[in-house]
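The structure appears right after this line, and notes come after that.
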Amino acid sequence: MHWLLWSVVIITVLMTTTAWALWLERKLAARMGSRLGPTMVGRHGLLQPIADLLKLLQKEDILPEAADGALFNLAPILTAVFAIATVAVVPFGEGVIAADLDIGVLWVLAFGGLMVIPVWMAGWASNNKFALLGGMRAVAQAVSYEVPLVLASMVPVILAGSMSMTDIVHYQQQHSWIALWPTLPGLPAFLLFLLASLAESNRIPFDIPEAESELVAGVSTEYTGMKFGLFYMAEYIHTLVSSAIGAALFLGGWSGPFAPGLHWMLLKTLGLFVFIYVVRWTLLRFRQDQLMRLAWVWLVPMGLVLVFMAAVVVVWGGA
Amino acid sequence: MAVDETARNYTHPLYDTLLAAPGLNVLAGSVDQLLTWGLKNSLWIFPMATSCCGIEFMAASASRVDLDRMGTIPRATPRQADVMVVAGTITVKMAPRVKKLWDQMPEPKWCVAMGSCAISGDFYRDLYPTVPGIDTVIPVDVYIPGCPPNPEAVMAGMLRLQEKIALVRQGLFPPHGSSKEDRPETAKMANPAVRRLLDPARDAAITAHQVTLAGTPSPDTVDSPPLPVDASTAGSADRDLEALLRDRFGVTEFPKDAPPLVDAAFHVELARTLRDRGFRQYVTCVASHWPGDPETFEVATVLRSTGSGSQLAAWRVRVAAGEPVDSLCGVFAGADWQEREQFDLVGLRFAGHPDLRRVMMPEDYVGHPLRRDFASDAPCAPWR
Amino acid sequence: MGYPLDTLRALGVTLKNLVRPPTTVEYPKVTRPRSERYRASFALLHDENNEELCIGCLACERICPSQVIAITAGPKIQSVTTGKKRGTATDFTLDLTACIFCELCVQVCPTDAIIMTRTQEDPGFSREDLVLTMDKLYKNEKDRPAAWGNATKLLGMQEQEAKKDE
Amino acid sequence: MATASLAAIVFVLISAVVASSLVVAAKLLRVRAKVDSPLKRRTYECGEEPLGPTWIQFHPRYYVVALVFVIFDLEAAFLLPWSLIVRELGMAGVIEVAVFALILMLGWAYAVKKDALKWQ
Amino acid sequence: MMQVAFGLVAACLLLAALFSIGSKNLVHGVLWLGATLAMTAVLYLMLDAPFLAGIQLLLYVGGVMTLMVFGVMLTRRHADLAVLREQRRKSRGAFVAAALFGTLAGATVTTPGLDAPAAGSATTVELGRALLTEHLLAFEVVSVLLLGALIGSVVLARKRDFGATR
Amino acid sequence: MTPYLLLAAALFCVGVYGLLTQRHGIGILVSIELMVNAANINLVTFAHFRGGTAGPALALFALALTVAEVAVGLAILLLLYRQKGDVQVDDAKELRQ
Amino acid sequence: MSAPQPQHRIELAVHEGEGDLMLVNFGPQHPSTHGVFRIKLLLDGEIVVKAVPYPGFLHRGVEKLAERLTFTQLGPIVDKNDYIAPMTNEQAIFMAFEKLLGIEVPRRARWMRTLFAELQRVASHLLWLGTFALDLGGALGGGATVFLYCFRERELVLDLFEEVTGARFHYNTHTMGGNRHDLPAGYAQKVHATLDVIAARLVEYEHLTSTNRIFDVRTRGVGTISSELALGLGLTGPVLRASGVDHDLRRDAPYGAYDEVPVNVMTETSGDCLARALVRIREMTESIRLARALIDGMPEGPICGAKAIKTPTQFKAASGQVYVGIETPRGELGTYVIAGGNERGAAPYRLKIRPPSYHAMSVLPYVLPGHMVSDVVAILGSLDPIMGEVDR
């Protein structure tokens, strides 16, 4: 039953990490803008996420009269569930995994794709135009980038000959990080994966669905209190989990010298997370049609080419 | 530990239950402290930034003062905000919207009035379009003086709000003991007559007005503005304006200190002529009301030639009250909004204007405030 | 330049700023030094003999564009020090709720009685908290550092050379 | 049923419990307004009353995006089993799959040429 | 233990299916269909077919659902989504469905040899091998089918698209 | 094995019921989805209990078919809606002619 | 990319079954309307079919106030109109009053006013760049970072103003006939130090915005305004210059010290958002150059050519009509004064302020149709509207 233990541990750690990842992001963003970020709530503002959580828990719950109540209330929960559930197949160390499914990569992709449903649900159920536009944009963007994401993640699968994340990490332990070698499908595939993950988790330059300068707050425009909190949390969980998956698929997961595997995995995850946020606080955003064009015209064929390149590498290397 | 229920518009069921249960007072106390701490330290701001103070509010969020240090995040939607910072003048056209956005914020919520305009309406306070202080519309918790308050003062105001939140939860608010009305300063205030109308009757009136306004949302029926006229035939600026006016438009007097007065019949023709002679930029038009006998209106139009040695061309036309002036919309696209504004404020009609609606004042406003016979302190507020 | 290079260049800028020291001044803990002329609130002054300088001439009340000053002129009294007759103000209110801090009242004061101070008033819980009554104004003389300007200096600055021409 | 599958299902259940527990906690802790304004539950639209319906009929072009996505997702679903046995099938497999992909890319080329994937 | 789990999943699945048919609101109906499909994925996991479960989630719940949701949004003003249904058709439908279920259930229960122990599902590797060897032709034909669907739908949906483009 | 088959049968019948009662085009598509799903459950069940790769392979192909069916079905509904302004299938019998 | 001419009446060919149009309120309270401004948008999907702007949510009646207040009192009042560039507001109104009253402004005061105006232009354009980036990049992204940088440097300029006037924002430093505050000792060094910092940082902003590909694709070809439309609508300032009209009052109708310190006018031809952005960014460099030249050549002498303000009714004009336009960061800020207000003529009879932003906003119905919702934000931001000025 150690998997049950790991499940509980992983979820707990994920939730707490998310809270302080939020803090980390605020601090990082602040420092990038010559500011200090939270300093007054607890030492270095470390208690800020707790205060936010307590505040959100107390806020009044408003259900707009024109909204579809059931879907409106269900959407944030589903968003959080799908965001958390993705992490089930991510190995954080040798055996440190909640469910070592041999279709790990597929599980990740499937849940990533599912995220579309609650987001659209939230947008539609709010009966708010900004939310609806945000929801439509979110769906269009997520489905567009799902295809490159699938194709990019197929590269490690082909190289390792397995969909299990543990196997992929093992493969990288024996050979090398896929992002490094074979460089040709490896590095571009990693970048493609990163790009598609950014888009899937709605991060700049792909944050069109919640583009607050246009759509006020996107799908979450009508949400108050903890329901909004769940969206907010899910967003960060999604980014964290995407970083973890990227680390496992392309950066060798827990493999690394000197220190225990868990440290390496967390370090790589955090590194990717910070990278995503540094990019977020640096770039402006694209327009929706430009994004879609980028995905369909460039990234999809590029993904296919990478997949076949990986296959050729495997066939020739194996022969 | 008595909580002053009058100070807030919400109940806290869990806390109330704990308080009611025997022997749980201590627990209730610590839970309350924790919850209050949470409320205090996570104040998400809904910036109701309308004017100058909004810029200083932005400066307060920027790097030098950095409101984020105390955990504030500006939210664009009222649904996720805790504090409405009213930064800037609130007009009667805007006030119902502010009230509505305030209503749309979830409890517990607070309001900070930032700067003179939000507090009292500033020097605009007794003018026709301005609300004399946002506290006549929604309850305000903290007043930050200044015009605009500097960013540090905004921070001070937010810290003061934290203080107040704690005081309210401990039942120590209002701190003065006596009610607001008894305070001697009241009598000395620049505009003491305007009180926060906390009475529910008035809130209901405002709300009812909005609900009726909201009753008929209809797609806009107004057409898009006319296509701009192609002025590509324009030549170079004519320097001999006086000769032109004298020869073609029969102007005889050229006052030293004012633009020449042209017969109203020539208004459009003159504009077109000047445009073709290089005065292609529409600068402005000014209508003025001259009561007396006979009551007249005057419109001064200013055009400009562009580029090196730019020159102004200005003239006036005068019409009797009640008569319209020909619209220049057919000559200059810019005349559209300018003439609308003059119509709205001065009450002069423009013949041939495609879209002569109010532009500054609310659609249902009656009167034209820039007429000389409109008292400069006549209040106007359709919802008042 | 393509997207990747542009992105790297932009990242270069933000990362450079990441290592620059932040410009934040931690306000309640540290107060940023203000310029000498900084004007934030008001004070009424006493002269060196501790006599109130305000003579109740209403010049500031008249010039105030925002009409926030209300003065009740008192009876003429004989000055203790100079022995001359002078006016007084029995009440002086400056309502900060509508003040625009334009410094005109300071400029027109014939006796340099009203000046501005360099620290701002605290935010209040009610409009009444922001009314500067006579007591508060005289209290500000002691509590708050004075700004550079008073009527003499301001007028001197503006009329110094102009007088020469006359 | 494999342990891993069971673990995965249980994991989803646990995450559901965690997510809903937050909502339940909020239900317990949140405040209730004493006086309710009728405007509170109106849809937010920049402070104005909402104009016209929100749930309008959307333009068909949105549908094309979803459609192309599903088709490509399906393609991926067919590629995945192959990706595990690339080594085993060798070049022949690569070519077979390449033909499969190329045929689909014809459709892609058509859609791109017709600008069907443009978001408006 | 296993039986209880199956019972729960089966109950959820059937309920969701019923709701998806019976829901008055079309959007709800489609979302209930999503729930049905998700429960089916759980069933696949219980049947040791994790690959199909994953595909079910990815394609059906993530993909087809999106498609149908979009379909709902563009075939009809979804402000009034109530699905028309006549009482007569309802009872007739119920009768036919019940009869069909009776037949099917009867056949299933009476068929011998259905209680054989599980032989174990095919792994994904085996599936891939089968697809690219035994079912190669079908595999390639699928691509043609999808091509047809793609082009057909693009043609249908883009027809009479109107201006306002850049 | 029996309970799985019974479940599939029940699901299929729900689909049939829906097919017979729904008049809205999308409702009919939903019903068809349910029926295909029931068939897929059967395929997977048999594959699980009897072994072999035919079951999952067939299920995969069924998936592909369903996707194509939904895609084209919705597109046709769309066309219908353009012509009729409605998607009540009974009213659009002329499509068959 | 669209042809450089205004997109106007788009036929509302709504076919049955082709999708409804959606009517959306954009504002009055919206993060990207730069204050309180409302646009009713008719959307086809995400494309704007029709846009109807509604200004007036900040109409505060300054022009009515001018009937009541005297010439001397109006200085601090007009500060609040264009609250991004209060210095130029004061300058504009006092220049009109001085022309009306025939008051000569000493040379030093003219140079000081010009120096302030150029510094104000830098501050104003910095704020514009920050908020424009905010529109394009969002408050939770790169836009916010650019915004923070711009505000950081804007604070430096405000510090310079505070040094002279004692106020950060609404200075009331111009007065009838000159300036109220003289430059403090050592001011030139401070100005140079500040401008050094800003000039160096401008390159950084360009890396984040104007020379970045994402900025480019978001702004190029978006919101194109032709020169004819721009002239006809009375657009001025950077918006006009971006449309290819080489017109700048500082050069073409010099006032202040501009006849002694020549100005290089920045123009672009394409008339889109990118052109407007580039014009403003280049104007910042030019203004820095001008400010340096002005502070270096600052003449000695009196700073005020009239008696300092002592009473409200000090200055009187019973008749006359005067129009004076100056080039503020947003374009031609005009003041039309008709004298003879109060019985003794101490107040204007009618004051009309011609705000460049009001004209700029009137272009919206012409350029918005055909663009996407995201572009609405970009176009609005590129016009650099200040609602205090639009509505007064």
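Quick notes on this structure:
Labels A, B, C, D, E, F and G are assigned to the chains in the order they are written; within every chain, residues are numbered from 1.
Everything below uses one rule, namely that a contact is a pair of C-beta atoms (placed from the backbone, for glycine too) under 8 Å apart; a residue touches a chain by one contact, two chains touch by 3 or more.
Owing to the predicted nature of the structure, the values given are computational and were not obtained by experimental measurement.
Contact with both chain C and chain G is made by A, B. Between chain C and chain D, the least number of touch steps comes to 2.
Look at the CA centroids: the one farthest from the centroid of chain E belongs to C. By number of C-beta pairs in contact, D-E leads over the other of D-E and A-C. Ranked by distance of CA centroids from chain D, the top chain is C.
With centres taken as mean Cα positions, chain F sits 33 Å from chain A. Centre-to-centre, using mean CA coordinates, chain A is 42 Å away from chain G.
Centre-to-centre spacing of chain D and chain F amounts to 21 Å, using the average Cα coordinate of each chain. Centre-to-centre separation between chain C and chain F, using Cα means, comes to 79 Å. Touching two or more other chains at once are residues 15, 17-20, 22-24, 28-31, 40, 44, 46-47, 77, 139, 142, 145, 147-149, 152, 155, 170, 208, 212, 214, 369, 372 of chain G.
Contact with two or more other chains is made by residues 10, 13-14, 17, 22-24, 26, 65, 100-101 of chain C. Multi-chain contact residues, meaning those touching two or more other chains, occur in chain E at positions 47-48, 50-51, 53, 55, 58-59, 62-64, 66-67, 70-71, 73-77, 124, 127, 129, 131, 142, 146, 149-150, 153, 157, 160-161, 164-165. Chain E makes touch with chain A in their complex at residues 25, 27-28, 31, 34, 50-51, 53-55, 57-58, 61-63, 65-66, 69-70, 73, 123-124.
Those residues of chain C that touch chain A in the complex are listed here as 7, 10-11, 13-15, 17-18, 20, 22-24, 26. Against chain D, in their complex, chain G makes its touches with residues 17-30, 38, 40, 44-47, 372. Partner chain D is touched in their complex by these residues of chain F: 60, 63-64, 67, 70-71, 74-75, 78. Against chain B, in their complex, chain G makes its touches with residues 6, 8-9, 23, 28-31, 35-36, 40, 42, 50, 52, 55-65, 67-68, 77, 80, 83-84, 127, 139, 147-148, 151-152, 154-155, 168-170, 228-229, 231-236, 240, 245-247, 249, 251-253, 319-323, 325, 332, 334, 336, 338, 349-350, 352, 354, 358-359, 361-362, 365-366, 369, 387-388, 391.
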